[in-house]
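One chain, subunit A, appears in both complexes that follow, with subunit B as partner in the first and subunit C in the second.
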Partner chain A sequence: MWWRGCWKSCFVLALHLVAASAQGELFDEDLTLRPLRDGRLEARFSFTTLLKGASPRDPESLRQDDEAQHYTLFPLALGQILREHAVTELHLTLNAGKWNYDHWGYPDEPGVGTGAELWAWMGDTSLTSVDQRWQGLRQSLAGLFCASLGHLDDQRTTSPTLTFQPEGSLPNFTYPHQLRHATLPSEHVCTENLTPFLKLLPCKSLSGIAHLLNPHRVFDADWHGLGVHVRYRERIGVEVRLAFQAVLDPVRYSHDGRRDWSLRSVFDRIVEKACPVARSSKVQVELPGETSYTLSPGPTDVVNDMATYELTSAQEALDVAMKWPGENSFVYPDTSQVPPLTDISVRRNLKGASQAEARLTIEVTNNLPVQVKSGYLETMPWHLQFYLHTLRAYIDDSQRDDLVTILSYAPPVPHSRPALLQAVLTLPPRSTLRLTMDVSKPFLRYTEHPPDAQRGWDLPPAVLVPFAFGEDDSPEFETSASHEANSTWTQEREPYPRRPSRARRIYTPVMLVDLATPDFSMPYNVIIMSCTLIALIFGSVFNLLTRRFVVVRVDSDPATPDVNSVGGVADSVGGTGAAKKTS
Partner chain B sequence: MANQHQDPAQLCFENVRTRRLIIASYWVVVLLAIPLWWKTTSIERLSLPTSRVRAQRSKELRFPVNVDIGALHADDDAPIAKHIGAALQQDPLQVAESGVDVRVQVGLTSEAAYRVVLDREVREPAIEGRELHIPTDYDTTHKEALKETLEKLLAPYESSTLLSHTQRVMKYSPRYRLAFTLLNEDAASGNAAMAWEVQAAIQGHIGPLLEKLSDLHNFTIESQVQFHAPLAFEPRLVQHEGRGVHGLTHEDLTVFINSAEWTLSSSVSNDPVIHFVLFVPSAKNSPLHILDQQGSIHPSNAFLLPQWGGIVLLNPSQGSPIPRLSTSDLSPIFNTFAHQLLTLLGVPGLPPNVRAARRPDSPAQREPFTDWELDALLRRRALENVQSSTETLEAIVRLVDQIENMPVGQDVVGDIEDALDALNEAHESSRTSPVETLKHSARALTLASRAFFNPGMLALLYFPAEHTYAVYTPLFASVAAPLIGAVIREVVAWRKARKEAAAAAATAKTHGQPRESVAQEMSRKAD
Partner chain C sequence: MDGSGDLAFPALVAARLLLAFAPLPDALKYDQQLSSPLTSYSRLREGIYLFQHGIDPYSGGAFRHSPSLLSLFSTVLPLTPYTSPILWTAADAVAAWALVRIWRLRTGAKETSRDGQIAALYLLNPYIFLPSLALSTSSIESMLCLLAVMFACRGRASAALFALACLVQLSLPAVLLAAPIILLTVTRPVSRLALPQPYHAQWKRIIPLLAEFVGYTALLTFASTVVCGNWLWVEKTWGATLTLPDLTPNPGLWWYFFTEMFDHFRPFFLMVFSVHLLIYIAPLCIKFQHDFLYATFLLLGVQALFKPYPTLSDPGLFLSMFSIFPEIYPYLRHPIVTALIHLHASLLLPLFNSLWLRQGTGNANFFYASTLVFGMGNGAALMDAIWAGLRVAVGELKEGYEVAQE
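Presenting the complex of A and B:
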């Protein structure tokens, strides 16, 4: 037995040496499991491949042939796309469902807007325009991920640089970088997107934690989404992070309404073997504050309420399970009693029954006892046009227009460009700011309607970025302590281990707008109607011009002496009876 | 009473002449509008240079080739050279079908492309550059053998069957992507190669080839490693020398590539890809060998998939994963890849009795292939390109002839004309430079296929004529009815009036003048 263990550890050592020597390419994978307070379970898979010493392609070099590309762990298909279009930083997310910020808190992956979202930073040279490369990038990614990213065309592309700052560093080219951002809320993520996603991983879904990504289960989750994030880290290299995030509901899966979960129960699979080329492979479980739970098997390490399982090749199959033995069935928390988990809560809706006009309302609630400043971004396709002069801000029905500052607005160009509205909202402590604005719904061209036109158009989510907390505008001020002091739940979960230092984006749910839809047999009706009118007018004019009028003399009869006068009237009229067309 | 109401027949617009003029003017407008309507609704169909395309068929690409026969030691062996030369001149080489016109000269002149040199230092025919060295005892008795060798060198491809030639060889493209993949069936099972020194191996084995082929093609190189690449079938377990080995039958080889699971292709460019796969079987399927027809193990562990690429199976000797395949490990594998690449690109290979000379700079290594082979390949590719671009152009002409409502825009005509120009240039340059000919022929091929696949030609292909009628009928039918009706009415009235006038005239003749006013009255009524 001892020998066997020794042999195994030698084997593991050999494998780790292998992974380390792989030409400066490193692969790390981890799975984070977080029980949520409404009984659900957030699972976040993160697969990071680092290409050491690499740097993004300089767009100036696009005119020459690219150097040969040799990859060991880095996904070749993605690498080729990045090189081909000289992309410095890329973020693609495909999500389905509505992220419930109030109950689930901030997501581990910030990009949770429903549908597809793609944004990229690219160097801007005169050689090939950024827009050309952006188009090529969209189409390449659409082909790679089997998603309708080709629809992210100029009608949806904006450049909101304040909200979407680069997450890595930008290489020091001699020219500036440009941002392109587009969202397609109606895109749905499904198995056909997950399959190419898994093929980008060095171990595919055959070993390592990616084996847990069982399409039958993860697409049954209440919320699920995948993301591809490429960034350049200066003096380190190019990093590709593939992420999959899902909110699963163990209460729904269980027969007796308990929230106990295990890898097998939520994914219907367990981690059978480690990925042999991963430098580190971890399963992390965030421990809930209550004490009445049990976690099996025993974790490798527990730091800050975070239990960690290190996966090694020698290990037996791993199935993490968490149980609440004292609980007969899970009791959902009363939503009116528990405070929201995020600093601010957002609701956005569209009111009005007319097909021509409506009113957009956005309600932002500050959950903190201090003033919060937040960026507000609306990238609206021209299917909804703002009347900016009707923008009003209210707090408890009293108008407070002074709370909306630094408003910038790029109006939409119908049929070609979306609107871009950015503003800074000042949110007084523990209050709700309500913004209203009248909008008009334009008429679309006949061919611009989607196949299911009556369903309406999905509008992309608005994005809020709270950046300054407290009366002074310093963004460094950290209020998490005071915030969490007010919430019993978060107090137990303190410290919040993965709270990033940068400002976090909050996406609103998507909206559906009902635009005036024509009867699609209209062109034929128009043809028939106008042809009938023309034929009628033509026929009458032509007949009047070519008709001949004659006098029909009615012979005078002694019995009816007045007949002459009758004939005289009749012949002047060109009417039916007496004046008769002869032919 | 009648005086109060004017007789409508007396009104200016009511007279017969005016009415007929009105009807006629309507018809004039209609008739004048027809050309305009025709022009605005017809499809743009520019005329194709059909006669020029047809004329291409009769043209043939000819490469004039001069072969000199001489002796290295002119004093002694010149008579033999002269003798052989004379014999070859009398009995010319049978290479005309491959587009080669050979002219044999005696004596080593400087401008000749190829030389046959009598060399005392060689025992068997050897090739050095564009020279074929033959031993001096190669006299007239070996004339037939020499003739055959020269034919094989100058036209190594079977001339009549182009298709059989291209079944294995990749279709011509100015640029190929070479994708090298190290595939581990299951790296977690323990039998695997984790990394490879691919750059050095490519540099050493593939690089010289690519350099030599640079006149024909450009290459983009990429490589990747995959750690999980399951097979789509179970290899057969056979007994060999007392132990169980896994074997691939001939049928297995045809389905070896599991394109659903292996991500070998990528989507960024349209260049054809030549794949080279080094496959490491999992511990379960190891060792893996190729079986021959009898079911025993074949000595080779490499095979070639026509027009796709080459595959080499690697069975690691030890049971644990190889951390890194070194250049020396990869050397035999990449030699195989290099050989497979040459086969896939159509490099013909030397006749069995001829060997390549050693490289002057590094005598240990032979040239990957000789200039004779490169020239033959150049000529062959040029010939094929010319042939297939001619065929494409003919196909366009046929297609446009067949489908009446296929639009032909200026870009299609422009591409076709450019392709024809490129073909002409290819024909012209074939006298001087095969490389130029190949370049022109490749351009012709690109332009011809671009014209063939022009999306504009599909625009109205599926817009049926019935649709047009359905749109026009509600307008045209309702407008045409009164117009035609009016004409018929007028014609009938006119003929009736003429008949009555004739009848009245006849009556007047018999009954005399007094009846004339009655006849006039009647004729007016008839109008």
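Presenting the complex of A and C:
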């Protein structure tokens, strides 16, 4: 009897595989591990499902019933949301921590802004407005990922098209596409978000590299975040990429301050078996430039300082380990000595002790020996309002307002709309551009404050996109840049081409603004006291205006005090000289 | 300017100009008692900046100044660190001159010994010169108000109504003054407080004047719309005084009330507070029908107390106008108490504002309490003025008699 059951399960599995391939659903997963120069380890999990031949839903067809959705590998819960709201491209990231660009370089997943960030490109038809579908989309995603994405409302939504260009292609509808973008920096990623995230994977966390996503460890990392990226690739299909990125600190985990790591030591798990439905499943390790390390087990192959382990179903458990045998304990690099790993470094802060106004300062340092042009985006909720006329640019205390070009600005509307500022900064070689701007802090109604009002409001990160290097692509840039790169040990192995095809975004850390709070226990008292004052003045004024003036005799005649008390009556208007009458 | 030959007026203006160019004004730029969101210089500059860069300043929520100021300062009179103090000092000088002219018209004299004193009481009133140093556009509003009253006193109806229409463009609550100013143009400004006589309304003269005022307002409104290209400005400027979207603290009574207001009661109380301002017009004009200048003065006091976005220059204008009614001084009911409340409040306001917003050692209730005291002070001044204005008619009393109300 047992062989029949075995045969049956084999048949079902085979049927699944056939079905998957027949419908053109491909699932690839890979894990990239990158030792960083400050002893940390960047781990990037990427799970890509491709729905071959599919295309995003045309919003014109929202009136009609949608075609039936039968997926085997593609996440149905997400697919339904995408079809329901006719979303062409979607990017959701939920991150916690501050990405240290100077030491960690550009992240493998570019969306590293703290908190939640959601942006979507949608076809714009008159049938249902983009804003309605955007609202539906964020609420559906909030439900799917157990995150407070419902707070990404109109007060946070902008359309910064210059910075957030579609990463895939846009289908050729007969009408234009529109971008909606919102960030919620106070949202934190947690286990409750990871669980629904893992449920979208075909193998859950049972097998494959997703097995390594141990919540106890990944949420203990110095930086961690998950992302969902949906894009349409023309003539290929709709691609859903689920990504998890973490910066782990093996030095912190080790007892003796060594940076040696293994999958077991950082995730407390190893890859037990490959995900059976994955077309490809691999673990990649970026090899550090120095030679004093050992990597075990031996990789399947090594290309360009990138060691690759192909996971196959036949393989036994995999535990990649990297050791520095000659090193007793890790010595942190001197932060003042090592050059930053990114082209530009950004600092942004808010100065001023007052709760009514402040000064915003952004310092952008160009680390390259050539001029860099960079896009600059602020999507600021109305909780901080810019005085754009006070925007000044300085280089070494000399004013250089010509280096800032404002491309677009939409002023904020209190209680409803955020500000959107898009500008281009020209950064001279090896210099720091300092922007200052006065800002005002509004006063909120008492119902608009969050429950922990004294904490302040998290403000979303600014985004910088360096896009033009050198003066008109001068050839000397290449030589000087590569020369520059040789002087540091990580830059030469940077996995990116020096001039990437797509401009890379740099997120500044989020800011906290301290807004003045009213006394939350006071509503009744204020209503009572203000109304009392108004009633008092109103009453007194009308008392004076309506009652007639009379002259009374106050000299004390004990015999007839009452009779004489009203000595005479005088109308204040008509009775001139009334006092004389009474005397 | 005043042709009096004495040097008091030019000296005062020169002193004010010196003050305006002192380094002090930078510290006052964002002071909430000196400039409200509707009169703030920074916001005016921001609006002009946006306007000149092709962004509709009324599409956002920061700029709430009238389009007439926007067009004036973005074309004819550019605002620079040098021109602005001169312009604002000039506005104060014109206002002081208008006040002196009103005084002369009231006394009927060509020149009096109190001229310099009246100018000084305006130019050196801290409630007036501090907002002016902070370059708050409330100085321009005070100037327009005094000009309107002055032209009305001279009987130059068109000029008075045009100045009033301009003022209404800048500040909607000034529409309260339309009735007494129109009535003032058809009567004489001389003091009749001691000799009250009923006024027989000359409707044939009043109705055309009212129509003229409506016409000027419509014209200016149309001009503003042409400048902006749309009607958004109405909601952002006049609408702000009715719906109070910006809850920045000020010395008035509205901001904390509507900060703490329950959302479902907000429209009701906004309506109550707005309508409440209108209640005073008719009774004050009827009771002081023998002296509409005095009714105008009292309505300015009501406005300073209850307007939605007051600055210190509103009560300042009311207090400075006391100087042109010397006949009421002997009859003020509690002048010392009123003065002390004012002194108390004017010390508390900046102190508690700073404790709350800068030092962080106080909370909003501190400043709210001081605005209540300030409201008390202004209310006491208003009640004193009404009492004294009515009491004058009874005249001097013999020993053993007192005036009371029935």
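Keep in mind that, in the parts below, the second predicted complex is superposed on the first by the 481 of 583 C-alpha atoms of A that agree within 3 Å, B and C clash if a C-alpha of one lies under 4 Å from a C-alpha of the other, contacts with A are read in each partner's own complex, and residues count from 1 in each chain.
Throughout what follows, contacts are C-beta pairs under 8 Å (C-beta built on N, C-alpha and C of every residue); 3 or more make two chains touch, one makes a residue touch a chain.
For clarity, every value in this text was computed on a predicted model and none was experimentally measured.
Which of the two partners, first being subunit B and second being subunit C, lies in contact with A:I527: first, second, both, or neither?
After superposition on chain A, A:I527 lies in contact with both partners, subunit B and subunit C.
Touch check for A:F542: first (subunit B), second (subunit C), both, or neither?
Both: A:F542 reaches subunit B and subunit C.
For A:S313, using the defined touch cut-off, is the partner it touches subunit B, subunit C, both, or neither? Pick first, second, both or neither.
first
So, does A:Q337 touch the first partner subunit B, the second partner subunit C, both, or neither?
It touches nothing on subunit B or subunit C.
Look at A:L206 in the shared chain and tell me whether it touches subunit B only, subunit C only, both, or neither; answer first, second, both or neither.
first
Quick check on the superposed pair: does A:A77 touch subunit B, subunit C, both, or neither? Answer first, second, both or neither.
Touch partner of A:A77: subunit B, not subunit C.
Using the touch definition from the top, say if A:V551 reaches subunit B (first), subunit C (second), both or neither.
In the superposed model, A:V551 contacts both subunit B and subunit C.
Which positions of subunit A sit in both the subunit B and the subunit C interface?
Of subunit A, residues 527, 534, 538, 542-543, 545-546, 548-551, 572, 574, 579, 582-583 contact subunit B in one complex and subunit C in the other.
Using the touch definition up top, name the residues of subunit A that touch subunit C in the complex.
My answer: residues 353-357, 382, 385, 387-390, 406, 409-415, 419, 438, 440, 442-447, 516-519, 522-523, 526-527, 529-530, 533-534, 536-538, 540-555, 567, 569-570, 572-580, 582-583.
Report the residues of subunit B in contact with subunit A in the complex, numbered from low to high.
Going through subunit B, the ones touching subunit A are 1-2, 4-5, 7-9, 11, 14, 19, 22-23, 26, 186-188, 190, 192, 194-195, 198-199, 202, 218, 220-228, 230, 261, 263, 266-269, 320-321, 323-324, 471, 474-475, 478-479, 482-483, 486, 489, 492-493, 525.
For a test of understanding, state which residues of subunit A touch subunit B in their complex under the given definition.
Touching subunit B: residues 11, 14-15, 17-19, 21-23, 65-66, 68-73, 76-77, 80-81, 84, 140, 143-144, 199-200, 202-204, 206-207, 273-277, 313, 527-528, 531-532, 534-535, 538-539, 542-543, 545-546, 548-551, 564-565, 568, 571-572, 574, 579, 582-583 of subunit A.
Could you pull out which subunit C residues touch subunit A in their complex?
Where subunit C meets subunit A, its residues are 30, 32, 42-43, 45-46, 48-50, 53, 55, 57, 59-63, 194-198, 245-249, 253, 255-263, 276, 279-280, 283-284, 287, 289-290, 302, 305-306, 356-358, 360, 363-365, 368, 372, 375-376, 379, 382-383, 386-387, 390-391, 393-406.
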